[in-house]
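In order of appearance the chains are A, B and C, and numbering begins at 1 in each one.
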């Protein structure tokens, strides 16, 4: 039972991060019908930028408290990610808005590769350690222990997601975003500037990715140029699971996927009588992706889309 | 006793809160030109889509040339023998006119991938036949000179003819045309009518949806009139034309077109 | 030849001459490049493998319009199949295998190629069947997922039963031998020496040419038309009686067979296989070749494959020394540069030349294009 709670908490941590990333995918897909392949790499850049900032500050001003460094890292990462994301949108996606669907997908893949290689050049190929900035103070729930870092991930993610829901549902911008997602042309006729809304969508998504990237690096203590690939793909799975284009769906999907992965990894040894080890956990996400797309492509909260003419 | 090509009965289709079709059915005999008319939104295209397999009906029985068929898969319906055209012309735009019609031959031919790779004599012979038949059909509808033109460069009226040629290539028992005269001017409509009469006189059964009442009255042997998803009249054009319910729903007042077989 | 360059259609003599010239060049190529070192001939051989892969993917993406991001899985299937059938791996890990095959497992090319093709085709159907009804980008992601699942399996199927030997891969794979002549040794013919790598080059050249011919024949067939129809308007294709699902499945599995055969050849050529050769990046590289060359256009795809596989070799030999000269050290490794250029190529091509470097010539007469206006008048 304690394994259960422990794994459940790990699942929530993982899931929170997936949710943050998934939101970026789902918002962009909702408006542009485009899978932003480069989203995972934006996350990478965020984490690495934060790391560089932190290391720089540590060298320049030793003695700064951990949380200040963390904050500084975050504050450095977010603008970088937002800028990167906006540039990508402007340069690679906008010109192809009316092209057949294959084109922006291929471009997105290309952009993803370019970012990865640039990250490789700037930060090198080695796995870098992300310093332990938040004191370890483990808290115990029953027999399970949680570090402060993990609690903060869950808490911060929840706060951010609530903020996003408020933004989308209560503000003018949010209304504009929802309108553009449903019908960009009509929204335009109503006075909404679709380019602006799209840019804001990318910006918000990028900020969330930056945050998720820093969280990932802080939780696992490591950062490298390829770190965004797998979480990005899994977060996309989460977005699809929840219903692509659906914001609460992305949150739900992320948490669910995190839980499934963590519990699965924890129990897979027992379930398969020792045949399959926990390094198969990545397959879970892919299997879920494949199964959801085959059997229920609209996801848990999405609308059933009739695909007959 | 003329053979019934299509017998459909009891079709119901609901979309959410809207009953698009309520107990609709019809019978078409071989060689007839059958018209399905009604005001906009009456359910004509929905009915079409149901019998050709695009929409799954909530209920209904379907029989083609005496054999029951299940309109569950569009390609099966075509295989069984109903070929359709679309309201807003769906050609293969970047393929040539000839190729478009050749695609129509797909369902009645059998060459496999292996045959293609090995260029067997049978495959090559079949290819020749496909091409020849396609040419004949282009000739039949009157656009042979455009055989090697990209389909999307054809004039509107010619594109319609091409779509019909392609449908004919599938050797249908029933040719189902969804508003073939849409967007045409008077001359083009006359021309189309001539083509459809020619097709009819060659023994092919036609079901058509049309808005142009004059065209329908002069062309069709029988009509069914839909309004709000229900049949409000069915029968010879002359009778339908005089039916007060139809007049009320659709024709307005005082129209008196010469129905097929009657003096004006 | 007439299929590559339409202007030859009217002149069989010119077509014949051109064919002879090209054939001569292709045959002499290894000798030319061999002067620069065997590494270049190796690169040529790999380029030919990529040609096969790109053409196979072209059937899926270019002919049928299905974006497959996990194509490399079929390459992996072919490679591992051959590795298992022609190496000591199975016999040394499974006693009962060793007993059944006391001389070890060796398999001739005449068995391997058809078997590999068949196995890959089966996998194509297996992977394709559940996903073909999906929309474009979803299909892409699912196939990506499949590709990754395949790689993870290859990486981990070494316990409890050691099938793939995990990350270390399988080594000591037999080289190909045809009619008793092993391609791993230098052979002499008419007094001319043919080192092993030349022999593989010629084998791959033959296979690549067969692939090209098969693709051309498929394109101009009833099936090819069905693929094109589906690409243009899937609903209309259905309405014409085309069983879209089966036709797409056929594209998937035919495409897979080329991948599988190429994989088997790769396995034999390299002598060992490991999961590292079958990453998502490889799938993307092959896709880049198809896209860069000209989606759906066979000559374009061949060009794309050759360019994108040889260019990195050129880079590797020039960039490093160039950087040494300019900066005194290697700032950008050629591997990294290579991937970056692939990515840039994909973006730039889609933005500026979406039809590829060598797109198909305009199909059919278009009276509003000047070139055809003459034809339109005459018709």
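Here is the rule we use: a contact is a pair of C-beta atoms (placed from the backbone, for glycine too) under 8 Å apart; a residue touches a chain by one contact, two chains touch by 3 or more.
This is a predicted model, so every value here is computed, not measured.
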The chain whose C-alpha centroid lies farthest from that of chain A is chain B
Mind having a look at which chain is the central one, using mean CA positions?
C
Between chain C and chain B, distance of the C-alpha-averaged centres to the nearest whole Å
44
Averaged over CA atoms, how far is the centre of chain A from the centre of chain C? Could you give it in whole Å?
34
Counting only Cα atoms for the centres, state how far chain A is from chain B in Å.
51
Overlap residues in chain A, where contacts from two or more other chains coincide:
309
Note: chain B residues in touch with at least two other chains are 54
Which positions in chain C touch two or more other chains at once?
235
Given the complex with chain B, which residues does chain C contribute to the contact?
214, 217-218, 220-226, 228-229, 232-233, 235-244, 250, 254, 362-368, 376, 379
Any idea which chain B residues touch chain C in the complex?
52, 54, 73-75, 78-79, 83-84, 86, 90-97, 99, 102-109, 111-113, 115-117, 119, 123, 126-127, 130, 145-146, 148-151, 153, 166-167, 169-170
Enumerate the contact residues on chain C facing chain A in the complex.
61, 65, 67, 69, 130-131, 134-138, 140-142, 144-146, 148-149, 152-153, 156, 159-160, 235, 281, 284, 287-288, 291, 295, 332, 336-337, 339-340, 342-347, 350-351, 354
Touching chain C in the complex: which residues of chain A?
33-35, 92, 95-96, 99, 101-107, 109-114, 116-118, 120-121, 233, 236, 240, 274-275, 277, 279-280, 282-283, 286-287, 289-290, 293-294, 297, 307, 309
